[in-house]
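Dropping the structures in below, format is structure tokens.
Across the two complexes that follow, chain A remains constant while its partner is chain B and subsequently chain C.
== the complex of A and B ==
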């Protein structure tokens, strides 16, 4: 886009709008004159570029992303990696991340709840998606697609309230099923796992249903005509094709469970059962202790890193399964 | 007989999941309107009795309105620009818009808190602290509007990007400008009506996000409806359940309408329906002959 255009001497400087790219000011060098840092032609090139519709249209969104996303995240990373050096200045180091050892309990809880919750939801969701695909009704498929995408985005404070009423210590279903007898309590990792299923299972269905629907009829027919049984089909064709999607779905669920804050905060509150997102909140709320704030930022950076890893693997696995499903 | 059983057994997991999803909502409704086993809407009297709920609702709706306007007014021109004039910037914009997906809301909240505290530390009367004060204003926390726009971007960008890809954008703009329309006139009268589906999706999705977001609002201590629910649950639990049911159902409806409008108005869906209608017409014609 920003190919430097050297204007012929005497011609009007500035590219036509539309050809001008952001920052693509033409370096104008008039003959005989020594090129200055900001020549008149370059300046006019820049102003023309700034007036081009592309720049006008892109500027507001870029500004919003910068102010409300990039700068805060940059600030978080800066604080997380900033350390006091011996001579009183600040340097870059990992000291704040070493403080995380005092949050090892929160880390362990978060990983436990996310692994168990995502595993159960992945299995339940995959089985459900498989059954939906087996029914072979296009209408059911589209209804499920809509509802699962709605429920996958659910999971704020209201979810926690509905689970307190349902499975809490005086909850309706809690009493009905006599869950007290088996030692179930909502305000623990069991409760979090049960509550997370509410949006994790629909997410899994949403992610894996296209794969199960896409297992082509021709493949089943080819398998039969080559003398294969139902079992050989699933063993040799179905499962190898579905595996990347299933694995990707499970990883995505793990990330989603790990990042969940609102419903966990309402259910658990602070204390009780520490999780990483809850620890960030309580460290931020603990006020002006600078140490607390930098530990919170280090925890935030850890969460971002985990989310990046999750999405990276999810994308790779999705692409691999998409290769078979057009 | 066995094969019939096998076919019905496919429904079992679906019914189980459907029950798992509906039972908590039914329990909440029961708890809210059947206190002590008798039907009563007493829990909803909090709507008229509690001024803090009205304040929280006004604040939330104001934030939602501003978020929608800002989102649509900045995202649509930006995606248009990369499609029309700067195709090389499209991957950059895509990455920028997808990035919020890798930052959990609570981490973004931490970053925002860091930024606002830095602003406040610049001293009384300094520009940074004035701005920090201004965007945190309790009645209209603009910081929430900005961060909610960011939270909406990954999904709405994809929707609008896909919408623009399915229409012959270049031909539309060239045709319209050769007929004497200005660039923005074209956008308003030709392009926007053709991506109505994705725009509507963005509007409803953004509303659902604004009604449900908790992490950032709670961290910044700004009382939106979800934060109000959390606060009031300590004193009047039944009222918080009653309002939570309403909030939950309206979020569902908003997301439902968002998903449906994305499919319904899309060029693809339209083409499909047209093809179906054509099919029907031709078969009818054949039958008539």
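== the complex of A and C ==
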């Protein structure tokens, strides 16, 4: 599983900032004031739409979601919470999660790589997005949006191989820069962090560029006419407005790095440096039987929980930012 | 009012001079030698179609644009090269200029905060302005929780909080609906007069320009066509552009000898003088042999606008009459248009000496 790294509604490339914010559109209506999650008003449009015959068009999507998403998730949760009872039957319990303590190293590693990797990428990406926004070219903005959304979804084995041939122990750049002298090796947590930048930085650009582009000329000029300087503007208005998007972006990067599997697997393998996704893989492949599988599913559930939490906060922050930038 | 208002009075009322201001963007000349003197405490509206340079003129005074040549003086001091954030000029933008991350109160306090005014003074001043603008209850709201009209009131309060010597308004009402627009227009005028603050108000809406101003500057292609009191702009436009742009007007061609009375309804042509006549200066006299036929009546409350057309050349004549007069002018009635008082403008036939404006 992985955190979906696709343009979110609030940051759709090319869309005017905030235009796609949930509940937005109607001028004067605060998008923050939408109906409660559990209420008829909130789902009114959905139920009407579902009654239309056009709902048949949803069948292929529904099928795919069911087969590749709902069934596996259901299976994962079932196995993760299933425990052997004393009388030999099956019950519900948290036993499988107790086994997770033996994977604390993988947890620590995953958190370390994700925090450091996402922090570096968040800073680099935000600065890049800021600089791009200063050029004030709509064409450049949309080109950047397209490229960064492509790069943000670039990963997996090909990415690992391209890093191995450039920065691996016999890599071209590795040799040219003499990285061996400073003790750098790609096959370490630092290596992972470096490799993750390749898709994390574009993700950050994709998420924060609309915010920087959405800072209105009127705000900058109002600040000046009120006697403020450039610094005053950024200190009192620009950065506060950008903060939700920056924080949200960082959280998203964390989730994205945390869930990365394929490229890490190719680079590190399942040996020296355990990460949660790699541990799941090795548990499933180790032939430990039901015990290993149950622990793997418990780890999987843990990751799903982390992903949900990440997306929840990302969505919250993104919405706040979109509301300001309407 | 309280003490702070008195201090505003002391600092307000700076006079403004545009001295031979020109502005070009690349090869496009936006302003061509603008000379304009706004007296202390005066409200001048700058009226013109879009692209006439009115916003550029305002932005030059605000300091957001540098003039290509010429000087800007405030209170006799040349401020042409003073940066915008040191000019102490209040500005209200078209829309969406409030800082979205700050509450109404914080928005109003912003300029004072930048000036390092202490917290208590800042809050007191903000409260006072919010009161003046009828916003007290919204102090802790955020801009996205306000209607467009409320947002513009806050923007006005924010601009006035720094006790500016000059207030600039850049089409501040254009994003609002008609009722709110006229309300806020009146409020702006009331505050402006109460504070005695020199104000430049840019608009493309002629009704707005006439109703709020001490004087109106009509701008066309970067040139001031006419600068006069609203009444004069309407009744005695000095150019054809002003006559057409401000108010409605019927244009007819008349013989250079024409001195009033029954109006020959013909299109302007070579060898003829052109009359620009306001609706209230034309009467339609029912006349079976009259050249025109009434085609429509538009009831506007106090007056009724009656349109008659000359079927021979399709020239329309517009007259504004009272309700009782209108009852004789039902559609289909044959009429003779008559010019009853001085037309707004008379342009002499090409090559002739300037026409006299006065007839009757």
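The definition used in the following text is that the second predicted complex is superposed on the first by the 260 of 326 C-alpha atoms of A that agree within 3 Å, B and C clash if a C-alpha of one lies under 4 Å from a C-alpha of the other, contacts with A are read in each partner's own complex, and residues count from 1 in each chain.
Here, a residue touches a chain if its C-beta (ideal position, glycine included) is under 8 Å from a C-beta of that chain, and two chains touch if they have at least 3 such contacts.
Nothing here was measured: the structure is a model prediction, and the numbers come from that model.
Peer 1: Evaluate whether chain B and chain C can sit on chain A together after superposition, giving fit or clash.
Peer 2: Superposition result for chain B and chain C: fit.
Peer 1: Considering only touches as defined above, state whether A:227 meets chain B (first), chain C (second), both or neither.
Peer 2: A:227 sits against chain C, while chain B stays out of touch.
Peer 1: Which partner chains sit in contact with A:241 here, chain B, chain C, both or neither? Use first/second/both/neither.
Peer 2: Second partner only, chain C.
Peer 1: For chain A, which side has the bigger count of touched residues, chain B or chain C?
Peer 2: More residues of chain A are touched by B.
Peer 1: Tell me which partner A:44 touches in the superposition: chain B (first), chain C (second), both or neither.
Peer 2: After superposing on A, A:44 lies clear of both chain B and chain C.
Peer 1: Between chain B and chain C, whom does A:60 touch in the aligned arrangement: first, second, both, or neither?
Peer 2: A:60: touches chain B, not chain C.
Peer 1: When the two structures are overlaid on chain A, which partner does A:216 contact: first (chain B), second (chain C), both, or neither?
Peer 2: Once the two structures are laid over each other on A, A:216 reaches chain C alone.
Peer 1: Check the residue A:262 against both partner chains and state whether it touches chain B (first), chain C (second), both, or neither.
Peer 2: The answer is first: A:262 touches chain B but not chain C.
Peer 1: Per the contact definition in the header, classify A:99: touching chain B only (first), chain C only (second), both, or neither.
Peer 2: neither
Peer 1: After the superposition, pull out the minimum Cα separation from chain B to chain C in whole angstrom, please.
Peer 2: 14
Peer 1: Could you give the residue numbers on chain A that contact chain B in one complex and chain C in the other?
Peer 2: none
Peer 1: For chain A, which residues are in contact with chain C within the complex?
Peer 2: Against chain C, chain A makes touches at 27-28, 30, 32, 216, 218-219, 221-229, 232, 236-237, 240-241, 323-326.
Peer 1: Quick one: which bits of chain B touch chain A in the complex? Just the residue numbers, please.
Peer 2: Against chain A, chain B makes touches at 10-14, 16-17, 20-21, 23-25, 27-28, 30-31, 70, 73-75, 77-78, 80-82, 84-86, 88-89, 93, 96-97, 99-115, 117-118, 143, 146-147, 149-150, 153, 183, 208, 212-215, 218-219, 226-227, 229-230, 233, 240-241, 244-245, 247-248, 251-252, 255-256, 259-260, 263.
Peer 1: Quick one: which bits of chain A touch chain B in the complex? Just the residue numbers, please.
Peer 2: Its residues touching chain B are 1, 18, 21-22, 52-54, 56-58, 60-62, 64-65, 67-69, 71-76, 79, 124, 127-128, 131-132, 134-135, 144, 146-147, 149-151, 153-154, 156-159, 161-163, 165-167, 171-173, 197-198, 201-202, 205, 258-259, 261-262, 265-266, 277, 280-281, 284-285, 293, 296-297, 299-301, 303-304, 307-308, 311.
Peer 1: List the residues on chain C that touch chain A in their complex, please.
Peer 2: 62-64, 84-91, 93-102, 110-111, 113-115, 144-145, 147-148, 155, 158-159, 162
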